[in-house]
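Letters A, B, C and D mark the chains in the order given here, with residues in each chain numbered from 1 onward.
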Amino acid sequence: MDDFYRDYILDHYRNPRNFGTFERADVEAEDLNPLCGDEIHMQLQLDDGVVRDVRFSGKGCAISQASASMLTETVKGMKLSDVAQLSKQAVLDNVGIGISPTRMKCAMLGLRVLKSAAIGRLAAWPDEE
Amino acid sequence: MDDFYRDYILDHYRNPRNFGTFERADVEAEDLNPLCGDEIHMQLQLDDGVVRDVRFSGKGCAISQASASMLTETVKGMKLSDVAQLSKQAVLDNVGIGISPTRMKCAMLGLRVLKSAAIGRLAAWPDEE
Amino acid sequence: MIRTGTLLERDRDNEKLQRIIADFPILARPTSRGKRLVYLDSAATSQKPRCVIDALVQYYEQYNANIHRGVYEIAARATDEYERARVKVARFVGASPSEIVWVRNTTEAINLIAYSWGAQHLRRGDAILLTELEHHSDLVPWQLLAERSGAHLRFLPVDERGVHVLDDLDGLLDGCKLVALGHVSNTLGTVAPLETIIPRAHAAGAIVAVDGAQGAPHLSLDVHALDADFYAFSGHKMLGPTGIGALYGKKALLDAMPPFFSGGDMIRRVRYENTIFSDPPRRFEAGTGNIADAIAFGVAVEYLQNLGMSWVREHERALTAYALERLAAFEPRGLAIYGPRDPDRISGVISFNFADIHAHDLASILDTEGICVRAGHHCTMPLMAKMGWSATARASFYVYNTPEDIDVLCAGLEKAATVFAR
Amino acid sequence: MIRTGTLLERDRDNEKLQRIIADFPILARPTSRGKRLVYLDSAATSQKPRCVIDALVQYYEQYNANIHRGVYEIAARATDEYERARVKVARFVGASPSEIVWVRNTTEAINLIAYSWGAQHLRRGDAILLTELEHHSDLVPWQLLAERSGAHLRFLPVDERGVHVLDDLDGLLDGCKLVALGHVSNTLGTVAPLETIIPRAHAAGAIVAVDGAQGAPHLSLDVHALDADFYAFSGHKMLGPTGIGALYGKKALLDAMPPFFSGGDMIRRVRYENTIFSDPPRRFEAGTGNIADAIAFGVAVEYLQNLGMSWVREHERALTAYALERLAAFEPRGLAIYGPRDPDRISGVISFNFADIHAHDLASILDTEGICVRAGHHCTMPLMAKMGWSATARASFYVYNTPEDIDVLCAGLEKAATVFAR
C-alpha cells in the first residue's frame, strides 16, 4: 500500500485536475463514502450527449481525490452513455497499482458519483456490482 | 434426583393434604412458576392472627405439589407473622433430601405463595432472598 | 417394522453419522454421573461442531477488529469474513446478501418487523393473522404492536393434533395486512402449509412473516421460491453460536422500511439535527455487530450445506418414525403422544406425557440417565391452555442423534415408571 | 521528562505488563508483512485475553444448553454461569444484578432506553440535553425519539479542545426530562464532568443516561455513587467478546418501564389475548440470550478486576502522557493534536492529523508497519463538522499497550512523512 503513493498519485492529490465548480452544469451528482466521510461532487457539461467539460470538488484522502481527478481526464470527450457504463477497471487502470480492499471504496467514490450523474440517480458501488 | 421421589413425596403428590378451596379465606395468594407453568393457590383462615385452617390448589410436578402439601401441614397453628418469616429451610426440612438447583423454584413455589398471602403482596423467591 | 429395521441397519453402521457425532466435542463428554450425553433438546438450542467453535477462536486469536471502518489488515479481514458470512447465510436460505439483516435471534428479528414495518403499515382496524401454534416470540410482539397501532389479532385454528385448519382461511384473511406464523411448531413439530397459505395471503393483500426458528435448521429452504416476505431464524438452533440470527426481508420491503435501532454504522450522514440512513441491510444494523458469531454462523450453515439439507430432513424423518414407533409401545401404560403422528408432517419434535408423572419429574429422572429433554410449556402457553395440557415433555432431534438415543430414552421411561411405581 | 523517564523504566521491565501481553494470543502473531502487531485501536474494539476465549470454548464443548427452563445438568450449569456473569458485571460497575440487562452492545442499550423509557416519559415540548461530543449511537436514537415524541434536542457545547462548557448548564437543563451524554469521548478522549452534571440534572428534574462505551473499560466505576440513572456499555471494548453488552438502570426506573423487545423468556403468563411480563431484568431480555458471550464477558470483567481498575487508569494515563510528549515533537512538521492536552483529563485516546497527509492515507501507511490506528469521523460526524476536520487519525490505548508501541507509531509517522515527501 505504501507503493501506492507514487509521484503521479500525489501529484493528482495535490494538484487535482478539473477541480472546482461550474455555475451551471447539465448533469451533476455528489456522494460521500459512508465509511470515512470523503466527499466528491461531479458536474458535467454536455454537447449532444458527449462530455464537453467536467469539474469535481470534494475532500478526502489521496486515493479518493487522485482517482476522481484522473477520472475527469478520462471522461472528457466520452459519450454520456459510455460514462454510465464505466467499470471499476477504468479506475484501476488509472491508478495503476493494487489497492487494498479496505481502500477500494475510496478509489471508487469518484466513479460512483460520475455514474450517478450520468444515469440521473445514485449508482451502485462499482466494486459491488 | 431419582432418590428424591421417595414414597412420602409421591404420597403427598398423589394425595395432597388440605387440597381444595375455601368459599371464604382471610388471606390468600396465588402464583405460577414462570419457568414451567406450575401453579399454586393458597388460602388461609385465621383466628386472632393464627392460622386456623389452610387449603391449597394448583397443578404441577411432584416437587411443587408435594412441597405445597407438606407446607400446609407445617403452618397450621402458626402465627401469620411467623408464616411470613418462613425460610427456604422449612421446605428443605420437609422434603428431606437435596433438590437440584433447576428444581428449586418448583420446591419453593408453595412457600412463595404462602408468604405472599401472609404479607399481602408478592413475596420474593425464598431461594433468592 | 421393516422400514424401521432398515433404518436401524443403515444408521447403526452409518459412517457419516459417526463422523458427524465425532465433530461435536460435547457429545464425547460423559455427564457427572458417568452417562453418555443423550441430547434430545435441539429445538431449544443445538450443539456446535468443532469447526464452528474453531471459527470463533480463530477470529479472536488472529484477526479480531472492528469492521467496516478499519483500514488496517486485521480490520480488512474481519470485514471480509463478516460479509462473506452474510453471503453464506443468504445462499443457505435462497436470498441475496442485501436481504439478510444480522440480528441476535429470531425474537429480535420479529420485533424488528413489528417496530419498523408494523409501525409504518398497521392502522386501527387492520387485522394480523397468527396461528394457535405460535411461540411466545411470534405472539407477544404482535400483541404489543396491536396495542400500539389499534390493529387486532386473529388466530388460525389448529385441530386437536396441532394441524392447521384451513377451512376458513379466506375469511380470516379478509382485512388482514399481515400473516405471521411459524414454519414448524417447536411444541408439536407440525410443519405449516406455507405453500398454501402464502399465495392466499398475498391474494388477500397481506404480507407473510415466517418465524423460521424451527424451519431453517431442519428443512431445505428457498425463501424466494416460497415467496415469504420475511423469514426469521436463529443461529444457535442450527449449529451456530448463541447471540446471532438473521432476518430475511424482500429487498423492496426492506428498502421502504424506516430504521429501527439507530446509531453507529447504519448512517450515511449525521448532523446534530438529523440523519440520512444507509441502505439495507446496514440500515437495520446499528452499533458494533456480533462479528465473531456472525462469522461462525456462516461456518455453521456451510457445515449443514455439506451434510445436505435433504439428508438432514431424511435423517430426522427416519428418527422421528423410529421414535414414534418405539413410544407407541408405551401407550398402553399411559404414554400420551401429542401432535401429528405422521413423520412426514412433523419435523423432528415429539411432545408427550407419561401416565401421572409430571413432565418436570420425568425430565429430572431422565437427566439422571444423561438424557436431555425439555419439559414445560415450551413458550407456547396459550396452545397448552387450549389443549388442556399443563406441561409436556419434548424430545427433539438433530443431525447428531441416532436410533440408540431413542433406545436410551425408552430405557429412561422404564426407569421413570419404576420410580413412580413405588 | 523525568516523569516520562520514570515511566519508561518502570514499564519497560514491568513484569506485570509482559504477563498481560502474553495473555493476548493475537499480539503474538506477526502481520502478513512480518511486523509485530501494534494495536492502537482499542476504542473501536479491544483484543481478548486467552481466558475469555477459553470461556467460550468451554461453554460450547462442555455445557452448551438453553437456559432458565432446562431441567437437565448442562442446562443447570449454563443457567448458573449466565447468572453468575450478570453478578460479576453488576459488581464491576457497582450495581446489583437485578439492575443489569443484557444487550448486544451500547447502541442497543441506548435504543432500549429511548424506546421504553422515552416513549413512556417524553412529550411534545420536552427537551433532551446531549453534548456536542456524542457518538452517533448516543445521538441518532434521540433524534428519532424526538421525532416520535415531539421533544427537541439541545446540545451542551464543547470548546475547541473538546472540553465541556458548563457556563449555561442550568439554562440548558431547564425543561429537560433527559440528559444523555458519553462518559468519555471516543474521538477526543475527554472525560465528562459527570460529578457536576448528574446532580444538577437531577436538581432540574431530569434523569441522566450515560453512554459508558468508553467509560466502563477504562475508569473505576460505581454507578450507585455516581448516581447515574442509566449506564450503557459494550463487552467488546473491555476484553469481552462481540455481541454482548449491558444496560445498568436504577431498579425503580426499570421496574416502572414497559417491555421493549418481547417474546420468549420475559413473560409470566401468556394468553392469546394478552401477556403478563416478568420483573426486570428479564422483562427486557426476550428470546434466547447470547449465553456464551455473556459468560465470557463475566470472565473479561474478572480479568480487569484482577488487574485493578486504578492500575488500568494509571497505566493509560502514563501512556497518554508519553504519547503526547513524543507526538509534540512532530508539531513543528505539521502534526496537529486535537482534544485536551492534559493526560489527567483524557482517557487513552489521541486524535491527530499530520501535515497534508489525509488520515486515511496515514492509516494505510501505518498499516504497512503493523500499526493499527483508526481514521475517519469516528462516528462523530457533527463534531467533526463543528471542528472543521474532515477526518482524523486516532490512536487509543489499553492494558496491553506499551511505550514501545508509541515509539513504533512515531517511527511510522516518519515513514509517512518520507512517502509523502516524494
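Throughout what follows, contacts are C-beta pairs under 8 Å (C-beta built on N, C-alpha and C of every residue); 3 or more make two chains touch, one makes a residue touch a chain.
Just so it is clear, the model here is predicted, and its values are computed rather than measured.
J.: Find the chain most remote from chain D, comparing centres computed as mean CA coordinates.
T.: Relative to chain D, the chain with the farthest C-alpha centre is B.
J.: Which chain pair shares more contacting C-beta pairs: B-D, or A-D?
T.: A-D
J.: Taking each chain's centre as the mean of its CA atoms, how far is chain B from chain D in angstrom?
T.: Taking the average C-alpha coordinate of chain B and of chain D, the gap between them is 46 Å.
J.: In angstrom, rounded to a whole number, how far apart do the mean CA points of chain B and chain C lie?
T.: Computed value for the inter-centroid distance: 37 Å.
J.: How many angstrom lie between the CA centroids of chain C and chain D, rounded to a whole number?
T.: 32
J.: Note the residues in chain B that touch 2 or more other chains, in rising order.
T.: Answer for chain B, listing residues that touch two or more other chains: 35-36, 100, 102-103.
J.: So which bits of chain D are touching at least two other chains?
T.: Where chain D meets two or more other chains at a single residue, that happens at 69-72, 75, 267, 269, 360, 364, 367, 375-376, 381.
J.: Draw the chains as points, connect those that touch, then say whether the picture is a line, ring, star, complete or other.
T.: other
J.: Give the list of chain C residues in touch with chain A in this complex.
T.: Those in contact with chain A are residues 68-72, 75-76, 79-80, 267-269, 278.
J.: If you look only at chain D, which of its residues touch chain C in the complex?
T.: Residues 25-26, 29, 31-32, 37, 41, 44-45, 47-48, 52-53, 56-57, 60-66, 69-75, 104-108, 110-111, 115, 132, 135-141, 143-144, 153, 155, 234, 236, 241-244, 259, 261-265, 267, 269-275, 286-293, 360, 363-364, 366-367, 371-376, 379, 381-382, 385.
J.: Which of the residues in chain B end up touching chain D in this complex?
T.: By the definition above, chain B touches chain D via 32, 34-36, 100-103.
J.: Where on chain C is chain B touching in the complex?
T.: Chain C residues touching chain B: 356-361, 364-365, 367-368, 375-377, 381, 384, 390-391, 415, 419-420, 422.
J.: Using the touch definition up top, name the residues of chain B that touch chain C in the complex.
T.: Interface residues on the chain B side: 1-2, 4-7, 10, 14, 35-39, 59-63, 100, 102-103, 106.
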